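Please read the structure below before turning to the comments.
All chains are identified by letter, namely A, B, C and D, in their written order; residue positions are counted from 1 within each chain.
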Amino acid sequence: MPIKVRFFASLREQIGQAEMELPSDGVATVGDVWAQASAGAQPPAEVLAAVNHTTAGLDYPVSDGDEVGFFPPVTGG
Amino acid sequence: MPIKVRFFASLREQIGQAEMELPSDGVATVGDVWAQASAGAQPPAEVLAAVNHTTAGLDYPVSDGDEVGFFPPVTGG
Amino acid sequence: MTIKLCAEAFSPWAEIAEYERASLEAGAVGACANFIGSMRDNNEGDAVVAMTLEHYPGMTEGALETIEREAVAKWDLLGCVIVHRVGEVRVGEPIVLCACWSAHRKAAFESCRFLMEELKSRAPFWKKETLASGETRWVERNTPGY
Amino acid sequence: MTIKLCAEAFSPWAEIAEYERASLEAGAVGACANFIGSMRDNNEGDAVVAMTLEHYPGMTEGALETIEREAVAKWDLLGCVIVHRVGEVRVGEPIVLCACWSAHRKAAFESCRFLMEELKSRAPFWKKETLASGETRWVERNTPGY
């Protein structure tokens, strides 16, 4: 199963899309997902990530079928 | 003009009256008011006082016509 | 800034809504922190069925106004309200409302808690409880606020 | 413990009253601390006319539940509620409600502020403002909470 990648808020607008799917081959961590999804661009300094809806760092492991979200610092409340 | 003395809450029940008037002769401080009003009994350790509705210590000066209130620690809210 | 003593039950939400309508500009307010203290059916391990709130008429209002003025001097507030019951209170009824409005949450949170702590240590109110046994007793001290 | 995301305007007082009615025993509650964040008509010196709240469906609810569970583990609470708007918000409308009930005020005050600070740093919501000039911009950071 592919990895589902989602982008939110200003990051979604910069990337130009809300979601995409990536083959899981060669993707071991959240950082790998970012690299593939952004064609090798460096992640913004303040980017946050979540794997299956739980906050995760760039070195967090990713598996087949996971959903990986990327977003800027949160500003609710 | 006499000094008006008022007692509140448990102190009012202990003293057995809510208010009294005292001649101001020989009364210089809140402590003097207490001594006259209570026939010389020591004030309870935690007693609080107010002169004309503002919190005051036992050494606070008292004048003709003042209202002096005595009460236990407050428990509102 | 409003101070109110109520001899009858009051609705905190009605007080807040009325204050917002009458005294605040909605677009300026970003934060409202408020606190409602209400009467419990137990205290220090005993069942409590009724309570009387005594106060010092004349002094109480001034003490609450002083506390409000201190909060307004200390924080950047758009408004604040203190409502306090006096007389007979029944289980579940509100005893006190403190509400603070500001542009930002820090000022609202801190000033609201300040009002409550100062009120509880400086405003001349006294609670007398009637226990389920029929015995009455004065509440002698507050639970710690910090 | 309740979590609610609202796509339409909500009344904080109606939410609180309904929670109290459905979930709380009035005689047990001595303290209710609550906070309402609402939309201002200005931010960082600019007039703001509209706001959109984006969130991460699926993750948001879980993040708020985690924060509530942390509060319940840390303080002795009788209940707590978080309500948060999503979508289009107009000036003056509530964005967030956090309410905490306890027997005593310390737990209510501290847990309410905890919920707000954790929500603002961990729950996946993002604000996009429309300025009076017509320009839109993402809010990049929160004002400090302490």
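Just so we're on the same page, contacts are C-beta pairs under 8 Å (C-beta built on N, C-alpha and C of every residue); 3 or more make two chains touch, one makes a residue touch a chain.
Please read these numbers as outputs of a predicted model, since none were measured by experiment.
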item: Chains touching both chain A and chain D; value: none
item: Farthest chain relative to chain C (centres taken as mean CA coordinates); value: A
item: Inter-chain centre distance, chain A versus chain B - centres from mean C-alpha coordinates, in Å; value: 71
item: Centroid distance [mean C-alpha coordinates] between chain D and chain C, Å; value: 23
item: Chain A-chain C separation of Cα centroids, rounded to whole Å; value: 48
item: Centroid distance [mean C-alpha coordinates] between chain C and chain B, Å; value: 26
item: Of all residues in chain B, the ones touching two or more other chains; value: 77
item: Shared interface positions of chain C, touching two or more other chains; value: 37, 105, 116
item: Which pairs of chains touch, using the document's own definition; value: A-D, B-C, C-D
item: Chain D-facing residues of chain C, complex; value: 13, 16-17, 26-42, 91-92, 103-106, 108-109, 112-113, 116, 143-146
item: Chain D-facing residues of chain A, complex; value: 6, 8-10, 50, 53-55, 69, 71-77
item: Complex contacts: residues of chain D adjacent to chain A; value: 37, 53-56, 58-59, 62-63, 84, 95-96, 116, 119-128, 138-142
